[in-house]
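Both complexes shown next keep chain A, but they swap its partner, so chain B is in the first and chain C is in the second.
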Partner chain A sequence: MDLTVIIQILSIGLTIGALYALIAVGLNLIYGTMRLLNIAHGELIMMGAYLTYSLFTGMGVSPLLSIFAVMLLSLLFGLVICAGIFLPLVKKSSSVGGLESSSLLVFFGISIILTNVACLVWSADIRGYSYLTGMVSVAGVSIMYNKVVAFGIALFVCVGCYLLLQKTMLGKAVRALIQDREAARLVGINTSVIYFFSFGTGFAMAGLAGCLLSMFYEITPFIGMPYTIVAFIVVVLGGLGNLFGSLIGGFLLGLFEAVGVSVTSPGYRPILSYAVFMLVILLRPEGIFTKRKRV
Partner chain B sequence: MRKRAGVVAVCFMSLLLVGFSFQASAKDVITFGYSIALTGVHSAGAQGQIEAYSTWEEIVNKRGGIFVKEENKKLPVKLVHYDDQSEPGTAVRIYEKLITQDKVDLILPPYVTPAHFAVAPLAQKYKVPLVGGTAASVKLREIKNDWFWFVTAAMPDRQERALVDLLKDLKVKTVAIAYLQEIFPKENLQFLEPYLKEAKIDVVLLKDYPVAEKDLKSLLSQIKAKNPDAVVCLSYPGDTFTIVTQAQEVGLNPKFLFGLVGPATLVFKPKFGPAVEGISGMGNWSPKMKTFGNKEFVDAFMAKHKKMPDALNSTDGYVPCQVMEQAIEKVGLDRQKLRDYIAANEFQGIQGPVKFKGSENIKATAGVLQWQKGEMEVIWPKSIATAKPVYPKPAWPK
Partner chain C sequence: MGRGRQLAILLGSIVLLLCLVPLAASDYHVSLVLDVLMWVALTESWIILSGYTGYISLGHSAFYGLGAYLMAMTVTSLPYGLVVILAGLLSAAFAFAIGLPFLRIRGPYFVILTLGLTELTKYVFVNMEIKLGGTVGRVIMNAPDLVILYYSILAITVVATVTAYFAKHSRFGTALLSIKEDEDAANALGVNTSMYKLLAFGLSAAFPGMIGAVLALRRSYIDPYTVFSPMVSFQVIVMASLGGISGIEGAMLGAVILTLVSEALWAQYPYHYMIILGVVMIISVKFMPQGLFHPVEQWLLRRARSKQ
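Entry: the complex of A and B
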């Protein structure tokens, strides 16, 4: 294998990997802190993509600027959903299992509503726009600027989020909550604040992901579900509730897919990612980056 | 409890109202029912067809409706539709409901081949003529001659014949083929390969890829390494987007680049801007053509939807409406008479004349479109061409 092929595969794997990581960290944050499975995560990405598209084509706002608007809107939406639906749900649920299943239904409902809202507002036509389509050449491999930018931003936000959780008091509280909800409450952590934080951040990260991928992928109201599935694979790979695991897992899956597809054929991509998913579930159900066995 | 009873009562009343409104309007309008993919994988393509239907409704009603013999007057047209979520099984249930419960006068077709195949037996069962536009398969020829099902679009074998004739005319020597794992692209491939062989054009690479694939860079790099004259992608809109984006990235710029379904979609030009120049796709229609009702259609469409019609889905969706309209004007609303008239006579449509042999439109032209100076031109066959092919395709813009 010569150098150009390796760089080609690396460039594909890292760009997709960074997006996978961004999407998975957002999903895992909400799951880890609240035990809520957000299967509307992909639809939030889709909404982020549409908002960016509309701002760009309607008002000429650069997608890099709309990042802020989209993240803010997603964050607000997250807070509203959290306060309106999920806090009452968390308070009412007697068991973690019950909460997981009822949240699944609610999020499923939200995903259907978002898809149909997108259908009504933007119609089912495929949308897309061109932005930063110039090329940068790395050792003979051309990569579009928009992908480089997306990679940089996704990586920056993922690492930033990770550092926030590792280095700050707020992060410590979030991690404490992920470890043990009751104990966290006992030592005086205001769980509601953490819930809001994780919901808002998770939603904002999904919006950001949509914003970034709208620069190079086409948009329809139905693009969400595949991203939700990928996010679940990454989360399982890295361990439920393990944010560092999601970060690394995203990159691993992205690279694995890129290598697998280039040595076989694009037709094998779903088989490859589901094979990873099943292997992890069979061999290390707690995720490859989680040391401690879950009790 | 009382609240629930109230809700039930309201639901019941509204059902009654709906029922009455149908009955009351049965005599002074012609209702057409259809099921279509408002949501799901095919919804993006179905959009163009829905817009064609609503344009037709408006055009006809502006004229005061369609003349119906039995009533001895013009009746306006009313369209009723439901979402089948891109699932052929759901489409079947919806048509059953439209015919038996809603009691529509006639039906318009759903979107895309699998749904047509699922619904056709129902048209037969209830003896309602089904004239479809957005379906194509040579399997249609196996359908019995007395069927109620007609398809206006050109079949894949003729489509590929047109493409290979064009390639021959352009003196293309080598071709790389990438095809999507879907029924329609695969059926096209069945004909493309032998025709290319016949024309002594070498296939230097043949690869498939799955639906919703996001990264075709490795595949496109492999194609680039073979340096073929032409790249033929048997594709749908989503993957055509991926191919055009990533071909620019890997620097693949063949002399001829073809996408089956996709280059004709409306969003193609806004998405790619000047990069569309020279890209070709399947289609036989251009707004410039002087076919029957074409100007009226384009003008009404632009006025209603504030955009150009989709060269494939909107025009394929409109032709069946024209056939229905012309048949009703001759024989009225009797379903059996309509079927017999449609089966035996020639019609005029925006894509040219329509004449059925069995279920197939033997006058359908299969053609190739190409983006030239920001407009879609018909470049093949020469008989309907609006422009000469641009060959070789210009370089990607910097």
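Entry: the complex of A and C
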């Protein structure tokens, strides 16, 4: 294969992969610590994208500055939802199974509320704006600036989150909770603080992802669900509760899609991703980066 | 008089009344009742697997879409009634085919696996349609009269409800409940859980297939994006959880209430209806996790006990 083609595929795969990783790490953080499946994750992304769009077209705020506002708002939203709904739910529930299905319903409720609020506020029309559309040339391949910027920020935040989890006491507590909630409580970890942390961080990362992808993708109130499913695919690839797995899984899926689309056609992209996803769940449900243990 | 017998008499009279609807009511009211019945059937069939065993499935949309597409592709060449039955068989066969590997997967993995299944079938159909005809959608022609569709849906709903009832009040139901309580323990005691789950999955899938086939004829045009919409699965879950997932009464209650609310709001305020739906879901999980029917059931039990 031609070198430029390879670089082309790599650049597409890595950019989208970094966004996938960002989305998936946030989703997995909430699942890992609280055992909650956030199917409203994509809608948070959608809201982040709309907020960025409105700030840019309405007030001329640069999307790169909006990042802070969007992340802060998402974080606050996460904290409120966590305190109001999920903390009581987690405390009350006796079985993991019951919690999973009830959290699924609540998140679905949140997701349809957000989708339809977006329909009311922004209408169902396709929105978009252009920002940083200049081209940068890498080894003969032209890439748009905004994609390079998005890649850089997503990678920075993912790696930052990973280091936070590996190198700090807070991160250690989060990992302990992911491993065993009861044991973590027994050794004196304040589980409520960790719940707030992971909820807030997960929501903020989703908002950030929305902010970044609004720079080059169209926005409608319905873009959420596909991103939720992508996040699930990545999380399953890397293993539920395995954050490092999600980071690598995001890039893997991004590259896989880029290669897959270039050998088949764009129409097959969803089929390819879903097929891989279902194969992984069926053959190796604990993820490809998690050591196999007896269930 | 036993509770089962009371229930049979109550449901029997409701069905009789429903049979009379097309004779007396306007087209608008017939379609309204048809909508209510359709959601009752979908919810009743969903609880056979997901309510009784706790395997929360988002796959109902996939079976619904499969039925709808079978109808859209064959409506001009095969008799209507035959296609409806074929749609049920096809959906059940599909569930049996994927059931063995799928039902080994538990908990949240099963939920997202079935969500993935719906999306995968949707995009398989999108690509297949592009290959076959160049366009994605299909125009529906030769649709039978509304009254015929009404009676088909009524029949499917009755069969679905009766099936859901006997799937609970039987040896089969006890096995399904044991899977919900503790699958490993049930297995250890010699319950063939894989077989029971597979049967429940197949039964549960047949009805959305048939409903999808009939409902395709209510539209003039269908495409994979609308008939494989995950909203069908989600709405069924909301209805079941609102009413209660452990029996036919709760499922029925939830489906009837939400369909009527949706009918009242949908046409004029679609976004508001969806927002209300979301709020209802959150409130019902937070304040009545066992569903609306639970307090009624408790009251009936207390009354039965005080009579003795």
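The rule is short, and it goes like this: the second predicted complex is superposed on the first by the 293 of 295 C-alpha atoms of A that agree within 3 Å, B and C clash if a C-alpha of one lies under 4 Å from a C-alpha of the other, contacts with A are read in each partner's own complex, and residues count from 1 in each chain.
Here, a residue touches a chain if its C-beta (ideal position, glycine included) is under 8 Å from a C-beta of that chain, and two chains touch if they have at least 3 such contacts.
Worth saying up front: this structure is predicted, and the values here are computed from it rather than measured.
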Touching partner for A:P270 - first (chain B), second (chain C), both, neither: both
Which of chain B and chain C A:D2 touches, first, second, both or neither: neither
Which of chain B and chain C A:S142 touches, first, second, both or neither: first
Chain B versus chain C as contact partner of A:E182, first or second or both or neither: neither
First (chain B), second (chain C), both or neither touched by A:T115: both
Where chain A meets both chain C and chain B, residue numbers: 115-116, 119, 267, 270
Sites on chain A touched by chain C in the complex: 31, 35, 37, 85, 88-89, 96-98, 100-102, 104-106, 108-113, 115-117, 119-120, 225, 229, 232-233, 236, 240, 267-268, 270-271, 274-275, 277-278, 281-282, 285
Residue ranges of chain B in contact with chain A within the complex: 37-41, 43-44, 46-47, 181, 207-210, 212-219, 221, 237-238, 241-242, 245, 248-251, 265-267, 270-273, 275, 398
Contacting residues of chain A [partner chain B, same complex]: 5, 8-9, 12, 16, 57, 115-116, 119, 123-130, 133-135, 142-144, 216-218, 220-222, 226, 257-258, 261-262, 265-267, 269-270
Residues of chain C that touch chain A when the two form their complex: 54, 56, 101-102, 104-105, 107-109, 111-113, 115-117, 119-120, 123-124, 126-127, 130, 230, 234, 237-238, 241, 270-272, 274-275, 277-282, 284-286, 289
